[in-house]
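Take a look at the structure below.
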Amino acid sequence: AREALIFERSTPGTVGYQLPAFDVEPVDPAKTLGAELVRGEIADLPEVSEVEVVRHFHRLSQWNYAVDEGLYPLGSCTMKYNPRINEELARLSGFAQVHPLQPESEVQGALRLMWELEQALIGITGMARVTLQPAAGAHGELAGMLMIRKALEDRGEGRRTVLIPDSAHGTNPASAVFAGFKVKEIASTSAGTLDVDALRRELESGDVAALMITVPNTLGVFEPEIAKAAAMLHEKGAFLYMDGANLNAFVGVASPGKMGADALHINLHKTFSTPHGGGGPGAGPVAVSRLLEPYLPVPVVEKRQGVFTLDYDRPKSIGKVRSFYGNFGIMVRALAYILSLGRNGLKAMTEAAVLNANYLRRALAEHYHLPYQSPTLHEVVFDDSRQKPFGVSNIDIAKRLLDYGFHAPTVSFPLIVHGALMIEPTDSESLAELEAFVEAMKAIAQEARENPELLKTAPHTTPVRRLDEVRAARQPILRWYPQGAESP
Amino acid sequence: AREALIFERSTPGTVGYQLPAFDVEPVDPAKTLGAELVRGEIADLPEVSEVEVVRHFHRLSQWNYAVDEGLYPLGSCTMKYNPRINEELARLSGFAQVHPLQPESEVQGALRLMWELEQALIGITGMARVTLQPAAGAHGELAGMLMIRKALEDRGEGRRTVLIPDSAHGTNPASAVFAGFKVKEIASTSAGTLDVDALRRELESGDVAALMITVPNTLGVFEPEIAKAAAMLHEKGAFLYMDGANLNAFVGVASPGKMGADALHINLHKTFSTPHGGGGPGAGPVAVSRLLEPYLPVPVVEKRQGVFTLDYDRPKSIGKVRSFYGNFGIMVRALAYILSLGRNGLKAMTEAAVLNANYLRRALAEHYHLPYQSPTLHEVVFDDSRQKPFGVSNIDIAKRLLDYGFHAPTVSFPLIVHGALMIEPTDSESLAELEAFVEAMKAIAQEARENPELLKTAPHTTPVRRLDEVRAARQPILRWYPQGAESP
Amino acid sequence: MMHRYQPGAGDRQRILQFLGLKSPEELFAAIPQEVRVGELPLPLGMAEEEVRRVFREWAAANVTAEEKVSFLGAGVYRHVVPAVMDAVLSRAEFFTAYTPYQPEVSQGTLQAIFEFQTYVCLLTEMPVANASLYDGATAVVEAVLMAARLRPEKRKVFVSRLIHPDYLATLRTYAEAAELELLELPWDGAGRTDLSQIHPEEAVAVVVQSPNVLGVVEDLAAVKKASGEALSVQVVAEATSLGLLAPGGRFGFDVVCGDMQAFGLPPSFGGPHVGFFATRKEYLRQMPGRLVGQTVDADGQRAFVLTLSTREQHIRRAKATSNICTNHSLMALGVTVVLSLLGKKGVRELALASHAKAEYLKKRLASLAPKVQLAFPESPTYNEFLLLHGEPEKLLARLSEEGILGGVATSRLASYLPPGVLVAVTEKNTREECDRLVDALGRLA
Amino acid sequence: MMHRYQPGAGDRQRILQFLGLKSPEELFAAIPQEVRVGELPLPLGMAEEEVRRVFREWAAANVTAEEKVSFLGAGVYRHVVPAVMDAVLSRAEFFTAYTPYQPEVSQGTLQAIFEFQTYVCLLTEMPVANASLYDGATAVVEAVLMAARLRPEKRKVFVSRLIHPDYLATLRTYAEAAELELLELPWDGAGRTDLSQIHPEEAVAVVVQSPNVLGVVEDLAAVKKASGEALSVQVVAEATSLGLLAPGGRFGFDVVCGDMQAFGLPPSFGGPHVGFFATRKEYLRQMPGRLVGQTVDADGQRAFVLTLSTREQHIRRAKATSNICTNHSLMALGVTVVLSLLGKKGVRELALASHAKAEYLKKRLASLAPKVQLAFPESPTYNEFLLLHGEPEKLLARLSEEGILGGVATSRLASYLPPGVLVAVTEKNTREECDRLVDALGRLA
């Protein structure tokens, strides 16, 4: 049974909430504010009781797939288990009910938590300092690129070109542009990695501000010449921006600091397991080298004589990239995760992530085509070229997986692989779960040969069938209107 | 996909929890305790990680129907909405983390809450006092009957007969027997109510200790002569025990005190909306008349000079019926519900419950047979006699309702209705939900005529199909054994 | 005015119309005036925020072990509570469901309880266990009543005075109604039940608790031997002890029962906790309470269902094996989650840590004699022991001022126990907490 | 040692065997030694109970409005938080899901966000709204950047200095990168933005906040008029004000955006909250952020899907309308739940109660002059206002000692604001709390 929109469940006169007693003199807002500033009741807001609200969202929730249901192999998204203790801790009154503008003396616990998280991230990345302010990975990219821009300006340089490999996430070019740069793509090598020679050629222009690169890249392949690339960049006065979306592949094994990164954003909602929330909130702290430290957003948390304080007095700072100090509630969860695992556990999880991905790579290699043969770490990218002859695309395979009770892999990138199936099992999965996934993928490969129509019309058992996405885009309906009302 | 038993998910060496640091000297328990007192690891306990536990119970939960999914019309069970605020409050550290044996001075808040709940229940029932100790309705029945027994002994009377109408819940006779009484059933009148003449005849024996009666009875019919029956009982030195399972029908309208009840148990998990938890915990406070007050279980909470205290000094008390003071966590929820609704809201809910039940009665009357025509309050009992000619039983109708996404009505009693369908919608349901239920019931009535096989083999869309209950009882398998192990 | 818990204001009018009524009052016509009430003596309904404010105030008027160091036990123990447990119990699919009478839409609850039954069997080394009872006290009662059904010609029950005093008090209440004669066994100088007075040939059952209420581990082999034909019943109030101590099942006991609260349920001022009940297969049809059994559905796939309900009140009425209906299913689920997380290693580690920390504390406290004195220094204890002291309640009040909930005064439990403080230690207590208690007792006792 | 978050100890060995490896180390062979690290400078992993202890200690080192009376606002407001909200957000189906890229198994998130978009439209009287942004500050930025895309020939942005200082600071950062010229508008004696310096013909946008950071309700009709061809942007930092105040949509604004935190999200030391963004239909294809649209599935039934993603970075890369990817979906869900509970009546009642209580307090405080002084006694305010005081931080410290979080010192926000305390009042504040503040200020100011 479909669940109506909450607006369609409305019954006039019903209430879903009661406010605390109204214990002051009533006012006439037309008088206190002026009639032209005031509105009346908003006609189309719903009138529903509490139980109806509870049931509405309960039923909606049942149409979602989630990590708690099973394997969620969305490549590049690191859909790992979200520990319940972290949810408990983020809800502690002493964290959730703290106002950001209380005097510092009243929020020492919150400031300490931020300071401790920064220290932990410094330890993990080998970088000089970290800003916790950005709200998401892409936001971190932007903050990082703004720091690079400011550093260049500080040197009096007007460089404007940012190099980005063709395998990169779409956020990289977008963020570079929003930071005021021009983007130039570099083609990957046949091994799927950075073409260092191409980089060298590009650097000769003198206009290169930075290279933005994901390590390991979106194929899951480690960039073997990353340190060399960094040296080349630095030598030419350019910066290395590292996209940390795939940090889960090497925590405790290698460090961006040693790779020569100048800025690196860290998706706390990936590597450090804060819940994705159906699309956020996440957090995208940016770790920087000494070179970029002066440009960090304000404020930063400092510890002075055992007292934690917010330092706004940073003349070279890029300023602020959002309100207050970042997604504090996400920081609580991430630090709890880091402390729960510790140095031993973090490395064990890295190994598990890479073992799991390589298990899938080997187990699926006879059924799906592997476009790049380079060794991979925490994820593996197949393509649909063996299924294409039967008219079956990566999308069809993805949709059919939903019928088998799994989430689909990433199919929209990397752009260098046509018909990609980018699979990242993460460290949370048991062999039993991986085996079940392999069985499903094998069955689908067979179905592709024997009954391609079944895949092309998949999914069949989900709450809704395949959607008309073209219609959604051509005749956009982006909100509910009451029956009979015209969309203006 | 079926979810295996947790024991079947085990992988040797896996852990799902880490204990706090072991910070004292290790001991050899064979030495401290003696080798013969000590056991080793328990071989068959599972070894699973945290995420596997989370997913296991997440998946299990998805096979349950629950109030949050929709209408749950189990007659006599009062499956109403369980407000979320009550869950929040019961989990407050100052309630959940309080030990029952702390000094009274350290638990004044907890004692006050119990005292306030008793006052509220006294106000609602019009009785003299209330014990909160019983853990469930049946437990309350037993406590009530033990008080009656003790009161009779106190008078030096050895009366042993308890009269129970044939429409009663099964717990009534069972509880009476466990309190040491003999049960004698009284047939109901053709209106489905207490036969007062039969009561009069029975009372002549002089051995009648009490009448146990549900008001309104399990047909949903109010006992019009209840006050008269009480007077007759009292005149003959017998007691009136009232089963409060159906209290939701008349809170704020009538009072057991005025009806002449001597003891009445109250299912907090029905009328006062504490969650049923898949079968408990509930709570079954017993409200008593002045006559039975001396016999209340110890302790009772007293307020003396503004201080709350546990009074154990009650020489005529029946003693204890369980450990400590009752299901305190349930009391928190019930009192929160009562205070949230208040005198106005409680009565409004009673009216809503009765309106909803009468809506269903009227709307379904042309499709299902109504064996008793008396006006009903909060529930209504149909039977399957119109469907029987097609070979369709009440069970089949119940199972088919599951396919329509509703829970089934009660089908196991009252015993005076053969093939009963006992429907209690409660006050939580909107007309829209009731209408959808009526549509389903109508459709089923039609299916019974046109395609009875569909009903006899229902349900068809549930996580499992109809179960072999005979096999379960004949060859009981009540626990998991490791593969290959014999059931001893 | 409409209330937030009530759907459909407009519905009310529409239903009245449908029924041809002017007011809901007409539906109550069958209720005579003489039993009617006017307005209830209660305040008007409160806003959620106001209820929250009131309850928080009351909650804040209680001291909890979260703020202080705690050595409270005596039937309610403070072990680790994994966050996962409450997350599972908060799933509306579990907590807003009813008893699984319709198994096709209740497999979640049913399978979880089947797992609970299995855990109880594994912990007790007994072949069958039920789906839960209210608490330890009523579990003991049910054991004795079952024994009485199995030995209908006998009326005597030999019960250790060292079972938890609330359990004993409850048993007395029920035994009186069942016309059973309770013979309460004293204890010996080692703090163990004196078995010499048992006459098994006259008895329906012999009941001991191990570890007993003074913390001492009983000699179950001797109890079993002394029980003869009578049913031997082991009561367990500190369930985590089953991770370290050989259970009654190993010694041939007929019933092992008690309370599982120690496996992670919050104290909640005494409830809800969860009783458990395990016994031999041959007593199956005399067992109290619900049972979940495995069977198959119409497609032949494994599924679970409430079974053997012909024992139960809703079928058997006056002849039922128990009057229990609502049990403590959700709490059983909580324990099942905790046991699943702890697993094979954790169950033992937790018990061993509790024991080792208690031994550490015992050893350190021994040095404080004669200010305080271990009641039974030579007897085996698991994680709780009795410190003799003349004025335990005063002593505890002084400790509390220093932020230490030092234990439970025996005077709070029963007048017949020796005066002193029962001190319980769990894996949550740190060495430093133990040292603080020793230090404080050294100064204050 | 295995960790509790890691399934399958035995699995590790079996996978290694399957891969023909001796150690996982071999899988990292492609990583050169020069970038390797030894042991991380972190402690060993902690038990859940230990982590809980540490975090509780840190949490306890913060003062919260739960313990004190609070009048804190300035962009983060303390309104009622229905218990239902967190119950919904705690459903693993919502919080452990990813962005709904596979709509067939994400209808729950998608429909909820479609409802969020509708709520934003209803509150702002705008025809389209997006699926959320990070916060109010970045929402303002996105509005200005969209305006710049729509008026590519212009570079000036007229922005009120009375938008929240953090929003302004953020806008400065982004504007610099986008090479936009920010012209900051001062305020007049009534605490309203001085519109006289606006030159709309040169501008991409005119940005005001209403109520502004000093609490004063701006004259939106005048702003709209002054904006001319430039895009008019209303910023809303106190979203509940939309329950009482006519929104920008009614005055023909091009964008209404801001933060929805006030509808029941916890302050959380500043985040996560949730930005919103509503605009005209003609700007649809220049909008930033995700959009959920209605369509049908293969069976023709209504369903929801992320749409118009050709605007977004993962398709359009360097030419995207925004770089946003992860947004604040779960917070948007929370607001959707709260708005659903409040409903038509509650949204207005809540705003009216906040306003009435603020008016009550304002009136009472007026009597304390000249100790403290209302900055703009004649100007319309919703639920927040500025009290002038020379040493606001000291004053607040004294109030805090009496258990009152008296408001936010303007010095904490920005140096250019008049010295004083911003006092915010919501429906949660009782009359008695207001009286306590008046009394304390009378003594301490």
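Each chain carries a letter (A, B, C and D) given by its place in the written order, and its residues are counted from 1.
The rule is short, and it goes like this: a contact is a pair of C-beta atoms (placed from the backbone, for glycine too) under 8 Å apart; a residue touches a chain by one contact, two chains touch by 3 or more.
Everything numeric in this text was worked out from a predicted model, so none of it was measured.
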- Message: Matching over half of the contact pairs by residue number, can you pick out the copy of the B-C interface from A-D, A-C or B-D?
- Response: A-D
- Task: Tell me which of B-C and B-D has more C-beta pairs in contact.
- Result: B-C
- Query: In whole angstrom, how far does the Cα centroid of chain A sit from the Cα centroid of chain D?
  - Reply: 19
- What whole-number Å value describes the gap between the mean CA coordinates of chain A and chain C? 46
- Query: Touching two or more other chains, which residues of chain D qualify?
  - Reply: 2-8, 10-11, 45-49, 52, 56, 66, 80, 82-84, 86-87, 90, 92, 341, 428
- Item | Numbers and ranges of chain A residues touching at least 2 other chains | 11, 14-17, 19-21, 47-52, 54, 58, 62, 68-69, 81, 83-85, 87-88, 428, 430-432
- Query: Tell me, which parts of chain A touch chain C in their complex?
  - Reply: 11-21, 47-52, 54, 58, 83-85, 87-88
- Query: Which chain C residues qualify as touching chain D in the complex?
  - Reply: 4, 47-49, 52, 56, 66, 80, 82-83, 87, 90, 92, 341, 428
- Message: Please output the residues of chain C touching chain A within their complex, sorted ascending.
- Response: 2-11, 45-50, 82-84, 86-87, 92
- Which positions of chain B touch chain A when the two form their complex? 1, 9, 11, 49-52, 54-55, 58-59, 62, 68-70, 81, 83-84, 405, 428, 430-432
